[in-house]
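Across the two complexes that follow, chain A remains constant while its partner is chain B and subsequently chain C.
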Partner chain A sequence: MVLKIFFPQCCNTADSGLLVGRWIPGHNSAVVLAVIHYPFIPGQVKKYLSELQSQTQVDLTVLGSWSMPKEGQEGMDSFLKDLSTIFPQECWLQLSREIGKRGFTCQVVQNNGRLLQEQKNGDDKIVLIHYDQRKVMLSQLHPVQDVGQKSDVEASELRLVFQTVAQSQPLFLLDKYDDGPLKLSHWQSEGREASIIAELLKQASVPVCIFLTWLLSLWHWLCSFRILHLRPVLFISSKLSTCVQSGYRAVHFKTVFSPKKAATHMEFMRYSTWRVAKELQELLEWLMGAPAGLKMNRALDQVLGRFFLYHIHLWISYIHLMSPFIERILWYVGLSGCLGLTFALSILSDIVALLTFHIYCFYVYGARLYCLKIYGLSSLWRLFRGKKWNVLRQRVDSCSYDLDQNTSDTALFPLQLFIGTLLFTILLFLLPTTALYYLVFTLLRLVMVLFQGVIHLSVDFINSLPLFAIGLRICRPYRLAEGVKFKVLCQEPGTPLHLMMEINPLKCSSVLQCYRTPTYSCYPKDSWAALCKKLFVGELIYPWKQKTAKTD
Partner chain B sequence: MAEEEFTDINGNSISLDCQTHSDFCREFTVTSPKLSLRKVMVYTCFVWLFAYAVFFFTENTAVLSSAIILTLAGMMIHIHFVKVDHETLLIIGSLGVQLSSSYASGRESTIFIEMNKLKDIVINEAVYMHSIIYYLCILIKDPADPETVTSVVPLFQSSNPRLNCLVQVYRSCQEILAQSR
Partner chain C sequence: MGADSGPGAPAAVPWRKVLYERQPFPDNYVDRRFLEELRRNIRVRQYRYWAVVRETGLIAQQVSCVAVFFTLWSYMEQGELVPSAVLWVCLGCALLGYGLYEILGGFCVRERTRLADLQSATIFLAFTFGFSPVLKTLTESVSTDTVHAMSAVMLLAHLVSFPYAQPSPPGSLSLNAALFGSVCLASRLPGALHTFTMLSCALLVFALWPCLLHRVRERAEWSFPWAAVLVCLAGVGGLGSLWPEGALLLSLALLTLTLVCPLLLVHLQRHKDNIHGPWDEAEIREDLSRFLN
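Showing the complex of A and B:
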């Protein structure tokens, strides 16, 4: 079997000393975590290691010795061999490196003094894998598993290596530059300088967070007023997506705060409102003529057309009346858009809904008329065929034309039949006109619903976007690891195989999939078939509703 | 270090390079033919002549600029995402197998499969359109259930070498896998 030794890159140039690390159970491999330099007292080393073992739950042991002799330090080899008697191990590693050469030499001594493998040309079964200790310590191997979910033996070797380095953080607190009994070399000895600004910001972040939490509690106190929980206010606020979003926002503020300004276009608003009303008027006039070459029933046409035109006239005058106030209201509403992009989008959705309220009204009128007509037609059609709708039994029963009062079926008089036929004919010939109005207004309404649905979808998407994970993936890709990459380092003959292990970062699509926050997702209530049926019959269609209280 | 010439399933010439780093570590690199300059020029001229013809009829300069942008964007996407320069298989006994594809723009995408997840490396045959092709693949198993094959990872998907090349790689890999069992 091949013996694998994971060696940190920072210890490549460390002075001679003892290797401290862990043997990976179940696989024939060892992870070197640090090098303890001479001079040391063996008793202190043992005491320190047992302290760390209880602190980190990682079974740290002395793995072997590391020698990088400088000038005037000959004779270390015999000293190093004697060390194996002080720290009794099953396997004792002896790694050594000479200045000027790139490869290490490695000897493994077993407990009974026998040399396990001697390095000969072409006979080495030892692999040295170099890894970047700081990156492996900070990295998280995906797919993430809970600690303690699987036993150590079943977990893969790489996962155990990553876990070992991550859990041994207390080992890296003591350095060779500290005045202590032990001098250790690990990634901290590389001498990374910290930025004082970053440290100051870290210190200042605590009082800032306390202040923000106080502001949030103030907001909660305001929202918990009794008056806001009364029935009509509650109903309106559940319909307006702005209020719904502000509720979510107050919850989300606890974890994240993103100040963004939204620009308001007041002139654009006013112009677009007027424009919509104008377009609707032209549409109605077109309908009142001969739309698409269809010939409509003149009288009904005029009635419906005049009715809708009057409605629009009312709406336009209402807007003219309200315009001086609208500016003010829009300014303050727009200011609240600084609570986030999703808030601004919800405001847009609500403004559009309010502006196109007359389209919604027209749709309801047209749909109701059409629905009544279809209902009447179907009922009279059943009359023709001699069937009747049994309200008690909720089904269609047959009727006969018998004048006999003793039969169980209800009788139909000829007069009823005559009036029924008349009404049926009238309704049937008025159907195209009503159907056309219904079609036009339904299409307009569907466009509005689609627009609102798109806004809600984008709000959902923004809410569920894992910004921190994406930022990590871009700026510190080694934190999210999908796997590792190996590169063979060119070696000298007679030395064991050297590999360089680098972290393979997670793909961006996997980042999104893995870290998406669960959202209050909105979805259409009906399937396509149900939607078509509703449209045909004339039932009212409601916009997409949002699911409430999805648990995190 | 042995570099040999083979052909792929479409008849283009590819080259296989075997490097033995150690007893239990080997690396196989299959290099595809490079992007042909003649093809690039033919496509570009075709697109630009077509755009010029459209411009001649519509007198709209946006057609020309959009053709230029399209050509550039298409070429960049092609060399960065589509055109594979070489594919490498690195097998390290008792550690695992690493597959990496390197694209014409220099981008590398790597996957590492650990030894405990690897069941075997085999040559499979598949029916593709009107022909039967051979491909080398890795059988993946779940360490908890070693008998079932959970998935199959095909190797050298872009270079598609023929059977003689695959057999060489297969024999080499099996030597190393036999050692680590």
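Showing the complex of A and C:
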């Protein structure tokens, strides 16, 4: 049986004392958490340990003794051996280190007094695994298991080690520099990294910005001196590239720091709306001609074309009417973009939807017309062949004349047949015209839907991205542990095997998978086949469905 | 395999024609009574030549109807017929036919009242008149050849699917095909009134005339051949005034249809060889409606 002892790196140079830790149940291993230095009172040690045990739910015990003799401390060995009688244990570890040697020596004394020595050809071996206590304490071993959850599989040894160190945080509150009855050595004794510089930077950022702005205004005031605008100075400064570059940079900074509103976006908006309406108008003119040589019914063509043109005319008038107010609205809307990138993207999506509202209207008109036509055609085609739709049985039945009086309501009189045929002919010949308008407006609508879908997907992606976990993975990779790897430190005969335990950080893809936040994502409602069928029949499509939408 | 040459056939137990009993005979054994129940041609009718000729009159007159309609359309397209005149003539013919229908019916109790008939006629007239401008521009962008081809196909479909056995309510497919073809033709005429007139003629010729003819056949059997001959002559004559070769073709076709085809039918009847036996599907002959009450 191999005895594994997990020894914290920070205690490598600690003074002699007692080893405090935990025996891992089920596996032949022990985790050393801290070293209690001399002098100590055994009663106080026991009391402290039982207090901690009730606080952390970890069964902390005295594992053994640690001796690193310095000058003037010879003779500790016998003292240490007697300690095993004060703290009765099943197994008593005696680790000792000599200055100048890399390896420790380890002796294990069992309850019955039997001494186990490190023997090369013996059955019992001892392995010392060094670990970085602070990193293991902060690390989270993946896959994460709930603490209160009773898992079917027993926790592995590694997981127990990590859990022990993480749960023993109250042990690390007392330090050897504290004035208390006990003096402990653990990772806290090494000291914390200094983050004073980060704190200073945070505090100083705002005054620095204000100072920079003042400097810039000073510079501008200087530049606006008349003397600098005289011909010779101007000529020279335009030739020196440093002057030119500093001029550019000053202009850029002025724009960034300027509190004035940007007026150019308003003209852009107006121009783009006008442009879209113009394009639509040209499209409709083209449709009203004979597009692509298709057989269009001229009269219907003209009717539909004029109807839609009138709509566009109304829309343009509306935009002209609203233009004074839009500037204000846009400024405030733009301000609210400080609520985050996703908010700004959503606002953009909504603005686009509002601007292309007329396209949506056209699409609805065209789709309704086309849908009615298709429905009428299919029903009249059944009439043409002499069949009827049986609503009760949801199927097509053949309908024949029946001279019997009782069933006269199911017979088809010549008049009904005649009118049905007339309507069928009319609908059939008007089909190409309607279908073309429907096709054009559906394509436009699909473009809009696609654009909105892209924005929604990117918003969803940004929302669900686990920025903190990714930052942690990049900056402090030991916090997210996937496993450990061992490195051989010292393998000398006569001393136990020394291994260095290093934490294997989690892969980036696993980080993303594990820490994705669930969001109100939108995903396509219909499959491709259902979508195509809907388009063909003329049903209105609303392809994006929100996850929180009420189910029907 | 044969009736008497079955190997290992003991004569003690006679063979029975049952499936569920294990018999000492092989599975494909048959005895002397094999194919005893076979009957040949038990339901074959014997046709008589002149009776068949009489019946084919119906087909011939239907073809001639189509020819008459086509003639009318040609004249209207060339502008030789004034639509209002044709309308009055149609109205007169409709009233005449209606009167004849009533007389032959004997003024018995009818399914539909006069008022319902008047209503149907009014609706039809209003509808067609209202839609005739739309109908006129329907095939404007379609080429003439396509229109002619479509009409020809539709009228052919009408002839093929006509319910010759029971023509009184004209079958829906045949009537619809005829009307579709007539709408295609009518949309080529110069004015909206022309279109309306053409459609009224189509209704008369294709929807109402078969009903009248059937009533005539029922009540006055002797006059049916005369009516058929009259219609055929009108068809040939009308076509002849337009296109003499077409009239010749039509008369040839009619003669073939009326005289040659029955001859073939009677001649080939001799070669009929239907076999019937106990393996046929059961046919219910009697009227089971007595069980419904």
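The rule we apply is simple: the second predicted complex is superposed on the first by the 435 of 552 C-alpha atoms of A that agree within 3 Å, B and C clash if a C-alpha of one lies under 4 Å from a C-alpha of the other, contacts with A are read in each partner's own complex, and residues count from 1 in each chain.
In the analysis below, a residue touches a chain if its C-beta (ideal position, glycine included) is under 8 Å from a C-beta of that chain, and two chains touch if they have at least 3 such contacts.
A quick note: this is a predicted structure, and the numbers were derived from the prediction, not measured.
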Put chain B and chain C onto chain A via the superposition and say whether they clash or fit.
-> fit
After superposition on the shared chain, which partner residues are touched by A:Lys485: those of chain B (first), chain C (second), both, or neither?
-> first
Between chain B (first) and chain C (second), which, if any, makes contact with A:Arg385: first, second, both or neither?
-> second
When the two structures are overlaid on chain A, which partner does A:His37 contact: first (chain B), second (chain C), both, or neither?
-> neither
Would you check which partner chain A:Lys295 touches, where first means chain B only, second means chain C only, and both and neither mean what they say?
-> second
Answer with first, second, both or neither: which of chain B and chain C does A:His311 touch in the superposed model?
-> neither
Who does A:Lys534 touch here: chain B (first), chain C (second), both, or neither?
-> neither
Answer with first, second, both or neither: which of chain B and chain C does A:Lys46 touch in the superposed model?
-> neither
Between chain B and chain C, the one with more contact residues on chain A is chain C
Of all C-alpha distances between chain B and chain C after superposition, which is the least, in Å?
-> 47
Note: overlapping chain A surface for chain B and chain C spans none
Contacting residues of chain A [partner chain B, same complex] | 1-2, 4, 28, 122-125, 127, 129, 154, 156-158, 483-486, 488, 491, 496-497, 499, 504
Residues of chain B touching chain A in the complex | 21-25, 27, 90, 92-95, 98, 100, 110-112, 114, 116-117, 143-144, 180
Which chain A residues qualify as touching chain C in the complex?
-> 290, 295-299, 383-386, 399, 401, 403, 405, 408, 411-415, 417-422, 424-426, 429-430
Contacting residues of chain C [partner chain A, same complex] = 111, 120, 123-124, 127-128, 131, 134-135, 137-142, 169-173, 175-176, 179-180, 183-184, 199, 203, 207-208
